[in-house]
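Order of writing sets the labels: A, B and C. Residues in every chain begin at 1.
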Amino acid sequence: MTHKKSYTLGELAKMLEVELVGDGQCLINGLATLESADTGKLSFLSNPAYLGKLSSCRASAVIVEPKFSEAFDSNKLLSNQPYVSYARASEIFDKKLISKQSVHASAVIDETATMGFSVSIGANVVVGAGCIIGDGCVIGPGSILAEGCVLGKNCELNANVTLYHAVILGERVVVHSGAVLGADGFGFAFDGEKSVKIHQLGSVRVGDDVEIGAGTTIDRGAIEDTIIEHGVKIDNQVQIGHNCVIGAHSIICGCTAIAGSVTLGKYCIMGGASGAVGHISIADKVQVSAMSLVSQSIKESGMYSSGTGHMKTREWKRNIVRFRQLDDFAKRVREIEKLADKKKESEIAD
Amino acid sequence: MTHKKSYTLGELAKMLEVELVGDGQCLINGLATLESADTGKLSFLSNPAYLGKLSSCRASAVIVEPKFSEAFDSNKLLSNQPYVSYARASEIFDKKLISKQSVHASAVIDETATMGFSVSIGANVVVGAGCIIGDGCVIGPGSILAEGCVLGKNCELNANVTLYHAVILGERVVVHSGAVLGADGFGFAFDGEKSVKIHQLGSVRVGDDVEIGAGTTIDRGAIEDTIIEHGVKIDNQVQIGHNCVIGAHSIICGCTAIAGSVTLGKYCIMGGASGAVGHISIADKVQVSAMSLVSQSIKESGMYSSGTGHMKTREWKRNIVRFRQLDDFAKRVREIEKLADKKKESEIAD
Amino acid sequence: MTHKKSYTLGELAKMLEVELVGDGQCLINGLATLESADTGKLSFLSNPAYLGKLSSCRASAVIVEPKFSEAFDSNKLLSNQPYVSYARASEIFDKKLISKQSVHASAVIDETATMGFSVSIGANVVVGAGCIIGDGCVIGPGSILAEGCVLGKNCELNANVTLYHAVILGERVVVHSGAVLGADGFGFAFDGEKSVKIHQLGSVRVGDDVEIGAGTTIDRGAIEDTIIEHGVKIDNQVQIGHNCVIGAHSIICGCTAIAGSVTLGKYCIMGGASGAVGHISIADKVQVSAMSLVSQSIKESGMYSSGTGHMKTREWKRNIVRFRQLDDFAKRVREIEKLADKKKESEIAD
């Protein structure tokens, strides 16, 4: 992609495959929110709750659903999925430097590694023996690929990514800085005195169109592989234990901790800092709210939560004392109910 | 700073701007706790709860508040803020090697980058096109700055830090190893079938005197920037989502997860492993206790908590069963109360 | 260790020090689970719950306890600790490339550093002044050791590990990629306006046979050292604050956050994403369940938990409202009980 400074609305309408209402010659040089937009900017309305902001918005154009077209006086791009159209526009206006096809002189590439066409390798990258790097891959500076890794076409590894041996990525996989794929799963056998390491003989296999956030770690399997299916999006500092299977198109928000051997369904959403204990299965289309722990298998799609919600600490301290007494408490209420029932019975008997 | 092996108490009193009581010629070669201190060591009393330890402390001198001066027989440095004075003394006795002004031969620095005076660049550092590195900055080995980053004066990036493009740091910013600033915010538009990436066009702007811990990730903004204001201190493995604004002088303890578009007030303290869901505001001077989740905006300063506190697992298992029944339970108590009220009424009526 | 493609069962029985029942000439080329095993594979039964799977297992041999020997028709390796024997076998079949003794030309090693025999140093490694690297150590590409670090014999640092100055590792310590040892502990003294940094003058000392996971951070001590005792196993993305003492052979699962100055006993297990607040002591042999917070010292061994367990979000929302009312609620129940007691008394008095 070239980085033109601006596009006409007409050009954008074509690129985004949306209907233009207004001046096709109007020049757009970037994106902006409804509040901050000014002349030259393209904005968007994806949440109808903000409909009221359209009247005062000073953007040169907005992306809106056809039904809200009337609410904005100036140029419009009509889309049935304004948020998706905005996502596509964001790619057009991304000013990130596109790495040129080149291998930096300081890169250390094993002679047995195979490079596709149009590959870009940054400074101080290390590529181990037998690695296969697909066409169009970009590997950021300082990234390290141990022996036998395979990258499909057009993968993008940012700076300082680490791949252990034999990690396999599909096509168009994006990995952010500090992420570590294929480190040893956490497995030890306790011999009564000390922990004996279980060497992790599996690897990590990642499907197409997966994004993996900064500082995220995905461990290699003990015997079989850890698997991330197509289209999965993983945020920063997520931990995925050995032998997990993360179902296609699931979304895993930041700081989520998934223990070993968890099977997560397709189209799931794990909220930020949520967790799942090991050796469980979670059905398709399950949503887990922030900082909730899934402590056993979930068989039915739907929304799940744990925790207490926050409150003033003073109030909370009193309540957690009571939480400790809950079971005792429940029994006392049952006792009173029995008494009340007896009373009622005796009244009826009266 | 030079690393003299020792200082006289008189020198230290001057450097710390505190009052000396005792022998100004006494030599001090390091700091120690009240319990472990021996001849040659300077200790401090910051928590009055430990006042009793002064009598048996063998330090050559202690930093104390004037009102506790009597409690220690030997040399004293009188300070109204002993903990602050200790902090200043800790800088004097820090033996960490001070990097000399130099650019390591292995560093890969783009010819369009601008270097200030007295800059130190470690081995294998990569500095991208158009970066501007302020006077006195120290960049540790293996750190990578993508194109267009700007570092104010006297920043200290430790080894293996990653800055994505266009990240802007103020003056005296310290970033620890493994930290990643400016990775893509986690934004996708779901088109009914798959997640379409929202390119993150904003950046990260960090104020003066900010410290950022090891393995911490701060994402770039979607359209506008993610902002860390002056004096903020962030511990290890903290995640700060795109478009957050972290108010000046707030403290964020280790492993805290802050989702996107959170506005945190000034002088807040987020306890260890705490969290905040996205798109909320938290007032100034709010303190959130460890592993608590802020699940909606907080408008009033004060202390907030969530969770249950720990207990024996056996006991806990009984209580969490009851927690699931709480709503039903509350209704049953209300029922009994009504009954009791009726009873009382009827007694009164009697 | 050489990487033969296969071993006879007889050879394996000797190496694993277990009793062979069956054909000692049978060739084994790898490990497999009971379900997936096929000819040439060695499997194992460690959990008696899976005993039923033995009859249909197609492995060429299985490791079993003597008492379950009858349950499998083909070759067996009899072990009193099948899981431990499997762990040992996993080492034999690990195909990870063993680094040859060598120092990569791109490594930057200070002339004052001392290297033992048979040391392997990867590409772009940086070893600071005065470091001492023990015999047989392997340091992966991109790893950085600041000045004065000491590594005992046969340590294995994977790629992109960071050690700050003066960090000391025992023998056979394994550190995974992205881990950071010895970054500054999080200490600041608030002077009424801003946070003054407390320089962290201690270091990190790690015992023998410790494993440290990917992205884990262990901070250096404020005055004295942070200590990890022998045999401790730490998973990925764990945070250990300054001046902690982690007792021998304890297991710390992924994403656990341990605040500063925590003393954890020996043989403890901290479950995944669990936490401990600062300045507390936890007894030996304490087990903390996943995502539980230890909010005060634990003096007795046993299992501890916090949290609520997950439930459907709709149900959960009703219950957390009640949780906020728990204290009030408890008082109301007490009130009713008093009433009931009075009633009973009056009935008795009647």
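Just a few scattered comments:
The rule is short, and it goes like this: contacts are C-beta pairs under 8 Å (C-beta built on N, C-alpha and C of every residue); 3 or more make two chains touch, one makes a residue touch a chain.
Predicted, not measured: the structure shown is a model, and the values here were computed from it.
Because chain A and chain B carry the same sequence, their contact can be compared by residue number, and under half of the numbers here are used by both. Seen as a C-alpha superposition, chain A sits on chain C after a turn of 120°, to the nearest 5.
Distance from the chain A centre to the chain B centre is 25 Å, each centre being the mean of its Cα atoms.
In chain A, 106, 124, 142, 160, 178, 215, 237, 255, 291, 307-309, 311, 323, 326, 329, 333, 336 are the positions where the chain touches two or more neighbouring chains simultaneously. On the chain B side of its complex with chain A, the touching residues are 106, 108, 124, 126, 128-129, 142, 144, 146-147, 160, 162, 164-165, 178, 180, 183-184, 186-201, 215, 217, 219, 222-224, 237, 239, 241, 255, 257, 259, 275, 277-278, 287-289, 291-296, 298, 302-309, 311, 315, 318-319, 321-323, 325-326, 329, 332-333, 336, 339.
Those residues of chain C that touch chain A in the shared complex are 30-33, 36, 46, 81, 83-84, 86-88, 90-91, 93-97, 104, 106, 122-124, 140-142, 158-160, 174, 176-178, 209, 211, 213-215, 231, 233, 235-237, 249, 251, 253-255, 271-273, 290-291, 307-314, 316-317, 320, 323-324, 326-327, 329-330, 333, 336-337, 340.
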